[in-house]
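The structures considered in this document are given below.
Note that chain A is present in both complexes that follow, paired respectively with chain B and with chain C.
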Partner chain A sequence: MATTYLRRAYSSFAVHILDIPPRLLAFLMFLLVLSLPVTKPTEHILLLLIQASIMAIFACSWDLLVGRTGQISLGHALFFGLGAYITALLWFHYDLPVWVTIPISVLIVTGLAPLIGFPCLRVKGPYLALVSMALPIIVVSLISYFRDYTQGERGIAGLPGFFPSLPYGQRFVAEYFLTLFLLLVSSVILYRIANSRTGIVFVSILDDELASKACGINITKYKLMAFTISGLFAALAGAVSAHLLASGRSVTTASLDANLSFMVVIVAIFGGIGTMYGPIIAAYILQLIDQYVLVKIWNVPSEYHMLLFIIVIIILVLKWPRGVAKFVTDELDDLQEEREIEERGKHIWKRYRRKKRSPTPEA
Partner chain B sequence: MIPRTRKTLALTAIAAIVVIAAVAIWWYNTIPTAERGLTLLKTKSIIIFGIVSGGTFALLALGFTLIYGVAGVVNMAHGSFFMLGAYIFYVFTSPKYLEVNIFLAFFIAIILTGVIGATVYRLTIHPVIEELTSLLVITVGVALVFERLMIIEFGPFHYPIPGFVGGYETILGVKVTYTRLLAFSVSLVLFAALWMFISKSKMGRAMRAAAQDLEAAKLMGVNTGRLFMLTMALSSILAATAGILITASTSGIAMPFMWLRPLVLSFAIVILGGLGSIKGTFIGSFIIGFVDNIVVFLIPEGSYLGGAAAMAIMVAVLLVRPKGLFGKRIELEE
Partner chain C sequence: MHLLEVENLNKRFGGLTAIKDLNFNVEEGEILGLIGPNGAGKTTLFNLISGFLKPDSGKIKFKGEDITGNEPYKIVNKGIARTFQVVRPFRHLPVIANVLVALKSARGSKKIEWVKTPEAKALGLLEDVGLSDMMLESAGILPHGDLKRLEIARALATEPELILLDEPFAGLNPIETELLTKSINSMHLDGHTMVIVEHKLYALMKLAKRVIVLHFGEKIAEGTPEEIAKNKKVIEVYMGRAK
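Moving on to the complex of A and B:
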């Protein structure tokens, strides 16, 4: 009896969890980041990587909502900021420990997400983008208005950390592993969701809403589901980041700021929308370029490096509108196709040339 | 009841106004006689400032709706042109840089912003005009670039924007500065001029054609690339005018983060009225102007809630009419 369950658990683990396409590559990269603290990096680098992991979770959740379901959201910091604020308020008013406030806040935001998604259901395209951008601004105004309860613009500082018993230097390493673990778990879950039947339904809504409705799909339910799942992980990222040393263990209205919403869009676009793994890589690369390469190696003054960074992003988006990762995978696909042609003979080559020349409308 | 057609919408609006008026009269009779003077003054302030700020908001949102209506571009950098107008105006009026006549400075500022707008359109927006997500990202990026440039050049400080004329006029016991009245009247004149331009001139006809059917307009020989660029220039000129007049008549300072609030306000107005509808923009801006002033005057410390109330009204209207008050109803396929 027990062995059957164990075998079933193992096979479901093997089929569902280990089935990430470039499996070995992902595993090796994970080993690389896992073994990084062995090289005794400075606190600055650890701080960067912790922030990058949080950004990666956040960008991944955005990618599920926008890249897979097509609900363009420019105010995703709403979920992030709500998660951060609720855990901070629970600590501030009820003095609860970290391991209680974070799950409660994630649960509350997950419960709120369908309510937030509800006004977004009726609108489409540019209207949706602008409405979603408006929602965090409403929340920021409410926080400023009820500043007796929420501390207003000053924010809430001095939140409890995760590992109070460890010495200061080791806390960074511990938090690094914690965020890495959370990133691994949430990205695997999001990837599995994105490639499950539900994920395919999400993509069908992105491709053609009317056609999927005609196929008998309850669009409302699936859109709300996308909002809820996406909100859950964004809230997780926000709630965890509020307690990290990397964010100074404080919450301000900056966690609901439009800049954060734009940042996640930039990260996801850079990595390739709808790939689910692209945003993770992009979060690390951009964070390292932004905070390390430009600051430490090239010594660019701090006013300029953000400017350079945004200009580079604009040029990248202009050059490859579908994202850098999509561009690379497309190139790889082309290479593979050419190799196949070399192996299988010239008649395929002719057909291939003809196909290339005639412009076929792409969906 | 959900108003589906324009007729039911108008009926609902009239019914709502009647109910509000009845409640207001009843409320006015309940308050004690000694406090009636203050309440009356507050009501008058709300009405006058609502009309004045509604008129100036119309100028702000007009450029946003124009470029969306003609080219289908959701221009997130609209607030940046607002900011650029104010900054260039500051440069040409302050004794620290170049001091010229204030009206000359105004014209230099709006024309320079127009040129910048056209350049931004050619370089960044034109290549991705088909893809909504790329477009949003690029225009947001442009807005952030301008914010950074202003921080690098001027620092995160506040700069004074001079008013055009001093003094104030007392209307029904409420003091309104001349700069504010100037902003209001310039806004109305520009609105009427633009309306005439779109309905009468050749380029306006081309704009309407492109808004109706892009492919057909191209087939009829409209150079849409050039048309969109000129529309963008016009839109940024309107934004810069709004930037100078609104900043001079309200806060009077220019700062690098001033682009977000006008952007959000123009969202609220334009979405309320329906994206791309000029009539809707006009009505939406008055609604938002009134809501803003009602919240500020009636709720204690209400200035914190000004933006939130505008947004809440916008979301509420969208729940009832997903394409705004005067937007097209949702077709089966986009």
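Moving on to the complex of A and C:
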């Protein structure tokens, strides 16, 4: 009895949530995260959220390329790392301020992206995945080869931060708002691109390249376009993260690491490939599981940390293969349908009862 | 001048000759039928004209311009559209978005000034083929007959001068065949030139004024539908030699 009531309460709640337009819902969620520093969270939590925002931008950029255009990239850290390294090198050699180095670095990577993409997009499917995996490794070896210029494996430390004038404690809050703002801007831009007419062409390439060609689409051009846009936002995430206090204000070859490339794939798949908003939610959820639930609540020793994290992800992906975002929307659709059927059922039942009560001509 | 000229076209796959020394022309405004038994090279010919395959030798000219071996999208943007024998919709996209993709091509987007938005034009095209009711449905759930008509709407969106229809009637029930015949006829009245590959001879004979018969990549007959139906060689190819 209680369960039926709970279920009904849940379903009506869900249906009412469904009635809220998605834009308003997104806005409300944004207000929620915006008001979070009011609760005076610890530095650890802020740090975690800042990293989650960076990961969310990165995952969104991956989602445009892979989720919408279908060009599988397993080396997306290439753009992230290039963005981080170029801004760091600009500071290291020319002593430029942050607000100059980041835009220049993003512009350089955006210019490089078509050059990188052109040979990449000659190959398809698994071969593309393989080529894209190899590229960051090449860059890492280049960095160690030119160690006089790039500092090699030691990386570049002590990069300038964003808010040098603020006291230490408040810098995290400021960085939190900065990354949140960047996430908002870039996700809105990416979402708009993904749902524009150009975005439709991206999906047509994912669905059927041949048919897309037969529609008169220059698919190489569109693939390069997706590659470049995706590279731009990945580079932005990388360049910004290099200067964050939350990431130690340093750049090492870890920013080009395969771990990062795989992490972004995990985030996007967990959130729901091709949704553009799924990866954002997933970045926060996974960051919370990874850095908070496992570390602070369950007190997992660090050597088992990664193992448990992977197990959690495997279970979640098995349970929701289409991603969290798709799972939630599907569930809401199902509830809506169930409710409609229930209404119709009641109606039929009433008619049946009425018929039974009224005397039939045969009787 | 002919709209499309095919000169001494050859194509082989390994040891198999798919197209052998083929010559034919397509005149402006006509409906040309292309028939032949299975494996005669009809679809290969379409793939050669639309650029999906490169010929071994020979020339394809469109409006006097050599288009042999061009990229498929360039050929579409010159004014040759095609449909596929096996339907190839963009299954993740809504029906109207399928047409919008074609309207995003260089040729499809160029000729759009007289309507306000591409969406309006796409809707008009869907109305022409009778699919406007389900424009927001995902293309993946449409029945086969609707997808065939969607392919035609998509081809029309690129404002083609020549349309290559690869077995448009395959797998359609009589009512769907009737509907499609109507839309092909109205396309013809609008001044589109068409080449139709078809196995359903009854449907084809009603549309085409001129028919070419292929057999193992060679042209064995050409003429009006009546002439073709009486041609001994054609009957032999389809039915076997009379004893």
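The rule we apply is simple: the second predicted complex is superposed on the first by the 312 of 363 C-alpha atoms of A that agree within 3 Å, B and C clash if a C-alpha of one lies under 4 Å from a C-alpha of the other, contacts with A are read in each partner's own complex, and residues count from 1 in each chain.
Everything that follows uses one rule, which is that a residue touches a chain if its C-beta (ideal position, glycine included) is under 8 Å from a C-beta of that chain, and two chains touch if they have at least 3 such contacts.
What you see is a predicted model, and the numbers here were worked out from it, not measured in a lab.
K.L.:
Now for A:V123: first (chain B), second (chain C), both, or neither, which partner does it touch?
P.N.:
In the superposition, A:V123 touches chain B alone.
K.L.:
Could you look at A:S204 and tell me whether it touches chain B, chain C, both or neither (first, second, both, neither)?
P.N.:
After superposition on chain A, A:S204 lies in contact with chain C alone.
K.L.:
Looking at A:S144, would you say it contacts chain B, chain C, both, or neither? Reply first, second, both or neither.
P.N.:
Only chain B is touched by A:S144; chain C is not.
K.L.:
Name the contact category of A:I273: first (chain B only), second (chain C only), both, or neither.
P.N.:
The first partner, chain B, only.
K.L.:
I'd like to know which partner A:S212 touches here: chain B for first, chain C for second, both or neither.
P.N.:
second
K.L.:
Identify the partner contact of A:I72: answer first if only chain B is touched, second if only chain C is, both if each is, neither if none is.
P.N.:
First partner only.
K.L.:
Going by the contact rule stated at the top, is it chain B or chain C that touches a larger number of residues on chain A?
P.N.:
B
K.L.:
Looking at the overlay, what does A:L89 touch: chain B (first), chain C (second), both, or neither?
P.N.:
In the superposition, A:L89 touches no partner, neither chain B nor chain C.
K.L.:
Scan A:I314 for contacts with chain B and chain C and give back first, second, both or neither.
P.N.:
Only chain B; A:I314 stays clear of chain C.
K.L.:
Where on chain A do the contacts from chain B and from chain C line up?
P.N.:
210
K.L.:
Quick check: in the complex, which residue numbers of chain A touch chain C?
P.N.:
197-198, 200-201, 203-204, 206-208, 210-219
K.L.:
Please name which positions on chain B make contact with chain A in the complex.
P.N.:
Residue list for chain B touching chain A: 68, 74, 124, 127-128, 131-134, 136-138, 140-142, 144-145, 148-149, 151-152, 260, 264, 267-268, 271, 275, 301, 304-308, 311-312, 314-315, 318-319, 322-324, 330, 332-334.
K.L.:
For a test of understanding, state which residues of chain A touch chain B in their complex under the given definition.
P.N.:
66, 72, 74, 119, 122-127, 129-131, 133-135, 137-138, 141-142, 144-145, 210, 258-259, 262, 265-266, 269, 273, 303-304, 306-307, 310-311, 313-314, 317-318, 321
K.L.:
Please name which positions on chain C make contact with chain A in the complex.
P.N.:
Checking each residue of chain C against chain A gives 50, 52, 71-73, 76-77, 81-84, 88-93, 97-98, 100-102, 104-108, 118, 154-155, 157-158.
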